[in-house]
């Protein structure tokens, strides 16, 4: 069905139900899109900024994620390698991320070749663009540096998060996305709040349904200056 | 001067168990009010309303509203009927000018019995006595539409010798649901069994509720399954009107 | 699927006799219900969020045509192809067309209730495509040739033993001594099997929890990550979403997400929430080359037009099912079609016609628990009552309709009513009083088949009261 025929039908229904004119609706919608509303926030999204990191870690750990805090990006290879050793993994896949490439790795990670699908037994490392304290959620934006596939196929997903990118609420994370990507969002923005899980068999929680069984979060750098 | 309270008896109490009506009248009088029982009342119209017959529901609503024209308050020993009068009457006449205003003015005067006693008349005590464990079942309409939860409990707690116990699932439905109980008897009964299991897990001596419909359903199921646990309307306990046998009980079965 | 809504009574009876089902559903109070309560308790502002969520939905529905337009513009600008489907046939046809044009053979499916609504799998299979469900619960019902019995827990009716038996029957590679005695082992087996298929799939079809007008994105919420694998791996991704999935902005989505997972599973947030915007970009190493969004009406604009718009607020959390005493007693399949529980009782008559499904809105005790937990405050009982009004002429047995008509005639005439009831009650009481109850009443067999009917005390209250007024002692 054509867009116009389809929308005529919806328009008729909307006008019967709400009794508004097209002009009123156009302006209501334009206003809303230009100025996203500020809805009430729950207390967990309103925490003071000095508590965000604590909140983030607590929420991630509660869902079975591991969190490691390191001083700066230069310390990332050691943290990641010890994690890999701990999990007895040999393969670390990364995207085309210059920030990771320049680091002092003892075994350089393998650049992921999209033609190859990582199997169980591999680990991947990508960077988050932000993290939301409110629910312990990592914000991953797909790009050459951070392919979405790497957040879902490997058995272990390691996510590097700069501490100054931790925000309190979803609204704050979304407004960062708007600033960083003013024209359009990356193809995939993945909000990750823990390892893959299912409760489909008798309500019993099992990790690693399809995606990573393990989620490791490495927080690095100085925290954001609190205001 | 004493407030004039019109007792909306409810059709079930009128037909099945007048002792609840007398208990309610006594409690209202003890709370310093004069009770009147308009003869122009029959049924609140909820069965028609919930069966999708708005026309009959509207006619019964008007009949009820006009029957209670000269009362300061309208009190019903049923959360379900009170919710019908208080919430659904105005909704039935939405957009109908004068009649809607009349329904709204009427609705504001309507109260469920325990709510009226505890929250309008500020009664905190009763002179009744009952020795035993009582579990109170909240009828859904009273609970969720009118928010009646504390009033019956506060009043029951004041009964000498009475130990109030709480079922684990405090807000579960008993499965009565008016015509639902006869249109879908198997489902209705399955829900009753679950509710009964929950209520009896507290080892009560008596089940109370504020709605006779729920009580007839629960008592009828208990009786059918050979469970001697008695059921009574909360008004009977509060007024000490325990001479009649419990619901589904036989004449001579007085305890408790 | 062929609707079995007309046989609701028989379905319900069968379900009530199924001890295994009762055991499976018996986990709800301590499971999803308790988990939601705990999640709500952690958010003191939960009621405020519900109100905000309701207002967002109402605002969107009141401006739906304009938002749909805005969404389509944004999504197209991001490179997605939008398809407008008025009904199930159009949606199936357009999806099949995309699949065949791309030479697809294997289709990965993310969980989508709308695909159940339009019976997509059967249609694609009839064209020679192979379709696999990738949500574990959906996969479990697919290999049994069943349908989901719950919006978010499709296989809630199955036990671990069922799953083991199904896997042994269906997965030819399993050796007999392979240990599948735990949920963990079963999940691992499903993961391995489905991983192979994901890697081979040509097309991914998912639903969408929301479509964001501000950005042209589809939001996909899962715990397993199967929706993401369906969206990221195959060359083509098709999003199938109905018109009511629109939300204006990301800020609006944030509020809805805050109530969605908490209401559904009691999680503060599901493991994965993905905003998918268009196909892969030039610099992207992965992602589908084509992204199609099929926007489906299928009777929804008619619901909006005819005063059932509040039902379109629904965000498919399943809380009304979990808390419904009827659903808890009979499970989802008894409802006879895609959507079960209170929301199913409101949606199904709209999709199938009320003459096909008049039992559904009727089979509710109106306890109101569903409204109490609905994250977008849908007045489910009023909507069910609306359907009862529209189906009144045909609902219930002829005898029940006659009894109701006689009662309503009498009740509107107080003098007649009091005289008639006085007489009737006196007779009934005389018959019943010796035993206190009736074990059988010819006109109330619906009641007395499973419950005794308490005998009336004797005279009516009105009779007694009139005597008291005249000074006669009771």
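Each chain carries a letter (A, B and C) given by its place in the written order, and its residues are counted from 1.
Operating definition for what follows: a residue touches a chain if its C-beta (ideal position, glycine included) is under 8 Å from a C-beta of that chain, and two chains touch if they have at least 3 such contacts.
This structure is a prediction, so every number in the text was calculated from the model and none was measured.
Colleague: Edges wherever two chains touch, nodes for the chains themselves; is that graph a line, a ring, a star, complete, or other here?
Modeller: Contact pattern: an open line, chains touching in sequence.
Colleague: State the chain with the largest centre-to-centre distance from chain A, centres being mean CA positions.
Modeller: It is B whose centre lies farthest from that of chain A.
Colleague: Report the chain closest to the protein's overall CA mean, measuring from each chain's own CA mean.
Modeller: Closest chain centre to the overall C-alpha centroid: C.
Colleague: Could you work out how far the Cα centre of chain A sits from that of chain B, in whole Å?
Modeller: 53
Colleague: What whole-number Å value describes the gap between the mean CA coordinates of chain B and chain C?
Modeller: The separation of the two C-alpha centroids amounts to 32 Å.
Colleague: Could you work out how far the Cα centre of chain A sits from that of chain C, in whole Å?
Modeller: Computed value for the inter-centroid distance: 29 Å.
Colleague: Two-or-more-chain contact residues of chain B, please, as numbers and ranges.
Modeller: Chain B, residues with two or more chain partners: not present.
Colleague: Can you check the complex and tell me which residues of chain C touch chain A?
Modeller: 24, 27, 31-32, 42-46, 48-49, 52, 56, 59, 61-70, 72, 77-78, 82, 84-86, 90, 134-137, 140, 153-156, 158-160, 163, 183-184, 186-188, 190-192, 194-195, 198-199, 213-217, 223-226, 228-229, 231-233, 243, 248-252, 254-255, 257-258, 265, 267-281, 283-287, 295, 297, 301-302, 304-305, 307, 309
Colleague: Could you please specify the touching residues of chain B with respect to chain C in the complex?
Modeller: 9, 11, 13-19, 21-22, 25, 37, 39-43, 45, 47-54, 56, 59-60, 63, 67, 140-141, 144-145, 169, 171-173, 175-192, 194, 216-217, 219-221, 223-224, 244-245, 247-251, 253
Colleague: Spell out the residues on chain A that touch chain C in their complex, using ranges where they run on.
Modeller: My answer: residues 1-3, 5-7, 9-14, 16-18, 20, 22, 25-26, 28-29, 32-33, 36-44, 59, 63, 95-96, 112, 114, 117, 119-120, 135-137, 142-144, 147-149, 151-153, 169-171, 174, 177-178, 184-204, 206, 208-212.
Colleague: Sort out for me which residues of chain C touch chain B in the complex.
Modeller: 9, 12-13, 16, 29, 325-326, 328-330, 362-369, 371-372, 385, 387-392, 395-396, 400, 404, 407-408, 410-412, 414, 417-418, 421, 425, 433-437, 439, 444, 446-447, 449-454, 456-466, 474
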